[in-house]
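In what follows, structures are represented as structure tokens.
The same chain A turns up in both complexes below, where it pairs with chain B and then with chain C.
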Partner chain A sequence: MIRRVWREDFRIIGYYTGLVTIGVGLLMLVPMVTSLVFREWASALDFAISVALTLLVGYVLALVSRTKSTPGLTHAMVIAAGSWLVAMVLSGVPYMLSGHMASFLDTCFDTMSGYTTTGMYLMQDLDHISQGLNMWRHLLTYVGGQGIVVLALTFLIGSTGGAFKIMVGEGKEEKLEPNVRHIAVLIWRISLIYLGVGTVVLGVVAIANGIKPYLAFFHGAYIFMSAWSTGGFAPYSQNMLYYHSSAMEIASMVFFILGSFNFALHYAVWTGNRREILRNVEIVSFTITVLTTFSLVCLALMQRGVYPNAVALFRRGFFQLISGHTTTGQSNIYARTFVREWGPLGMLATTIAMAIGASAASTGGGFKGLRVGIIVKGIVTDVRKLLSPERAVVMGHYHHIRDKVLSDSVVKSAAVIVVLYVLIYVVGTVVGMAYGYPMVDALFESVSAGSNTGLSCGIVQASMPTLMKIVYMFEMWMGRLEFLSVFTLFGFIATSFRSMRVRKTAV
Partner chain B sequence: MDERARMKRVVSLRRGLLGMLTEVAFVGSLIGLGFLISWLFFMGR
Partner chain C sequence: MKRLCAVLIIVVLTVLIVTPVLASAGQPPVLSTTELVENSYKWDGKTVSFKGEVLQDLMVREDGTWMNLSDGNNTAMGVFVPKGVAMPAISRTEDYRTVGDVVFITGVFHRVCAQHEGETDIHATSVTIVTPGSTKANPIHLDRVVWFVVLAGLLGLVMWLYYRKPGRGTEH
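Let's look at the complex of A and B:
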């Protein structure tokens, strides 16, 4: 823990944040090339300006604070949380230059939503943005899903001792390999292989749906990036409804369920441990909660007689529920359909699914299946202890890659994170209610933002109150980074001010 | 690349492919279960 902040602390944080910023600048070359391919000269110029600005900021930051010191845990947490803020601001430059944003706050909302794989947006006239900007939106969410620090680790930062700590700060705490750079490469290898497969599958489905071949593979790539990263963006404002295709919806559903799995699980299954998929506590927890919440959705929709047959019930109900549970946020119904047709029970079941969310160390958000599994196993173990003779030793176990003993500290840390998630969900709900929205709607939207889902019942739009935009942005940021690095950043800022005061008093 | 390295690579590729197919099969089963629940609810209305 840092008790006083020294210049070297700022150097370490500045240097690594600068490297991450350079990574973001280099990433902008992809949409710039896309714009050039589609002959969108104005958009290409927007990206050229943005690339130059971002690289300049990153380079100056890295140069001014160049150091050979290794980041400690506190530095790592501050770098993770701070990099996301810097990336949010600089990634918004092409958004602002495009003229599709009403304000800079709306721009930050959209880029934060993109990086955190939430999928809510305030962009105006989405249906007429350039292909370059569409590529940038989806690339943001794809990179955000793997983690922007993971990206920088792979290409820019060497295998330093502190690198793994920065990844932990970003919510990727599975140590798949001893070398942190190998972990980052592994995460990217899995994602890029699926990117290739997904783009081809979705592209072919898009061609079958009548989209021109050269555009179909762009649509395939966009929808894949949105699905795999559990982001929820789509090239058009009607989201998945635009395609009117059950094949597209099922293909996308397969990829977002796969994207919601823990990278450690992918690694285990891909290296020969295939039975892991049936034994892993997260997958067991995910399957049970999906089937339970979907049964509630079916009950609600059947009571209200919303859909005329089982196929329609499955196509709309299951897609929406699983999109919420994996925290993807792709939608094949209109936002207000939740309020007008699904009703309170359907919305509540979807809200519970969103709150639970996907797997730990995946691209998804929410409490995570691992924590739900651990807490449930903890409760079962406690009940078994109460029912056993006093001298009996009752030990709980859970299976995540290998059998692990369920210690009190594991249950406690899982419970603390769940409580923090509940807290941000409640804060967002209270703010929504203060602005006059009904409780169910406010809860739905707040949980959707905090769990990085992105489903909306119609509250999120450019005209919503400024405070709500800020609260939702905080929810997205905190929910994505799982609190600790954000709290460390706040603590670091407070300590910096205190250190400055102490120095002034000494002078 | 010697024979041993080549075999190692082939085994790794085969494991990766089988792993991917296992994941897709699991996800397919889950989607199938979803359809079964929809159908059961509709039949039992």
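Let's look at the complex of A and C:
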């Protein structure tokens, strides 16, 4: 039986959503300072307005619904899904004020794409935006990768019992340490150390490639934030093509592969358990699927004679494939090159890689290597059961941080999430086809949105139909939060209306 | 005499009509990024012309200079200027406060450049500045200043209420 919704429920949700919103407002100070440093006064004013508005909304929410009650699982899921929507709208204010967006819907598309680390964009004239706005775009994707709720937990919420549930709602279900605030701090510590290292490495590479030193470290920071969060944004419309540099691509590739790994794996390695890299089911699954899909890409590109030599094939083919597989979406070819040169097989291989995606509890999207590994092991175990004598007890195992027994419930829950992903991929594809796009193109773009990858074959642009924009936004949102919290939000809204009706009838 | 005049007029008109056609036949077509990417096989290895604004970074390498030319809304092409090719001094490149020099280049388009590991690029054979760059005005709008003041005032009030008001409810 579904319980009724009471005023206190709204209070808890409003209070925590308010705190997350305050976190978003404080975050906007970073691009505001960036604009001031670059003497972009108009842009700095836009950010000042956005900071004031976002903090105002956050404080009003927190004030009117202040409570000391801790969130339960339902609240946590609604807070996670709802906070992302509120953040999406308010984070779009500087976008709108910049004059680079054609509509408010396009703005929401871009901010949703940023927070969900997708990397698709509808922004107009990207090559002429301010440094402040570029910083904001990349910061959105960096924070979105770690989870905006994780950010709020670290600085605002503290160690409450319900906090871990909110993190689970945001797709961070690995309990690395007993104290939830410690988990949040740990995630941020790992990410910030990598941010420092990544900015320096990519900045030095940028200088070596001829970019002015004072700008090189900004480029380094942008590309790192995009790579580590598996986001896929870049400061210019050519994406990685802008740099004409294999060193930049390799450095970025290392960071987005690292970013696509499970935080629990990072933690295990950081705490000295280096053998985990070789034994973890996700790494095994990732290696196998990368090799398989890259073989298909090579076959497609060689069949069509796209590249003149092996070096060119590897630099373009492998970068695109691994960028898709880690759900990053950085690109060193033009979007239309997929359609014009790679052809259906190359696009399908990349689509499969994107659909599978990165690791669970990472910054990436897609089915996740853990689930693919579990389902494959589940099938193998079932086949072994069928081939064994009836009295034999056949147990499946998998290794993720420690050896675990493969129970039916684990396989079932992995399969349910994979089915839901397939469902959103199919919905997006059907809508694309209904608007006249070829099936392969529509599938590519839909999977890219649903798996939070961001690679495009040219469909995503400001002129695409409104319904497709909305469908892709839903795909990004659901794909990033892995469905449950979004479904809970819808369920909560429906239950709220029902509770209101019941109360009216009682009166 | 009249006949001679008529012949002369016909000759002059013919020259006027034919000369531009012949001249343009020798001139490579001016193409856009979209045209080059959409029809990459058609233009591969051909001499083309391209016009665009120089984006922020001129990247000087050992064998030449890379520049990215923006030719519209979210479309830009990488142009490689080899060391031997005369490169005019680019006075301004694009940034938030600057409109970069608009340059006209002629060069060979590569669908997948063998020298640059499969990059889609143009190797320039000539570069000329068409329009020098300029400073861009990004004025501060007074109405936005007013909005900021109003919002900041409201925020101050709400924050004061938030931090002075004791919490409500009980710890569970």
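Rule of thumb we're sticking to: the second predicted complex is superposed on the first by the 505 of 507 C-alpha atoms of A that agree within 3 Å, B and C clash if a C-alpha of one lies under 4 Å from a C-alpha of the other, contacts with A are read in each partner's own complex, and residues count from 1 in each chain.
Here is the rule we go by: a residue touches a chain if its C-beta (ideal position, glycine included) is under 8 Å from a C-beta of that chain, and two chains touch if they have at least 3 such contacts.
Small disclaimer: the values here were computed from a predicted structure and weren't measured.
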* Is A:L313 touching the first partner chain B, the second partner chain C, both, or neither of them? -> both
* Asked: In the superposed arrangement, which partner chain does A:R480 touch: chain B (first), chain C (second), both, or neither?
  -> neither
* Using the superposition on chain A described above, determine whether A:H128 touches chain B (first), chain C (second), both, or neither. => second
* Asked: Touching A:R371, do we find chain B (first), chain C (second), both, or neither?
  -> neither
* To do: Look at A:H100 in the shared chain and tell me whether it touches chain B only, chain C only, both, or neither; answer first, second, both or neither.
  => neither
* Have a look and say if chain B or chain C is in touch with more residues of chain A. => C
* In the overlay, answer first, second, both or neither for which of chain B and chain C A:V290 touches. => first
* For A:S246, decide between first (touching chain B), second (touching chain C), both and neither. => second
* **First, second, both or neither for A:V60, with chain B first and chain C second** => second
* When the two structures are overlaid on chain A, which partner does A:R137 contact: first (chain B), second (chain C), both, or neither? -> neither
* Asked: What is the shared patch of chain A, the residues that chain B and chain C both contact?
  -> 309, 311, 313
* **In the complex, chain C residues that touch chain A** => 33, 37-38, 40-41, 55-61, 65-66, 68, 70, 73-76, 78, 80, 94-97, 111-112, 114, 116-121, 138-141, 144-145, 147-148, 151-152, 154-155, 158-159, 161-162, 165, 167-172
* Structure fact -> The answer for chain A against chain C in the complex is residues 8, 11, 38-43, 45-46, 48-49, 52-53, 55-56, 59-60, 62-63, 66-70, 97, 123-131, 209-212, 215, 236-238, 241-244, 246, 306-309, 311-313, 315-316, 332-334, 336-337, 340-341
* **chain B residues within the chain A interface of the complex** => 12, 15-16, 18-20, 22-24, 26-28, 30-31, 33-35, 37-39, 41-43, 45
* Interface residues, chain A side, partner chain B - complex -> 193, 197, 250, 253-254, 257-258, 261, 266, 269-272, 274, 277-278, 283, 287, 290-291, 294-295, 298-299, 302, 309-311, 313-314, 317-318, 322
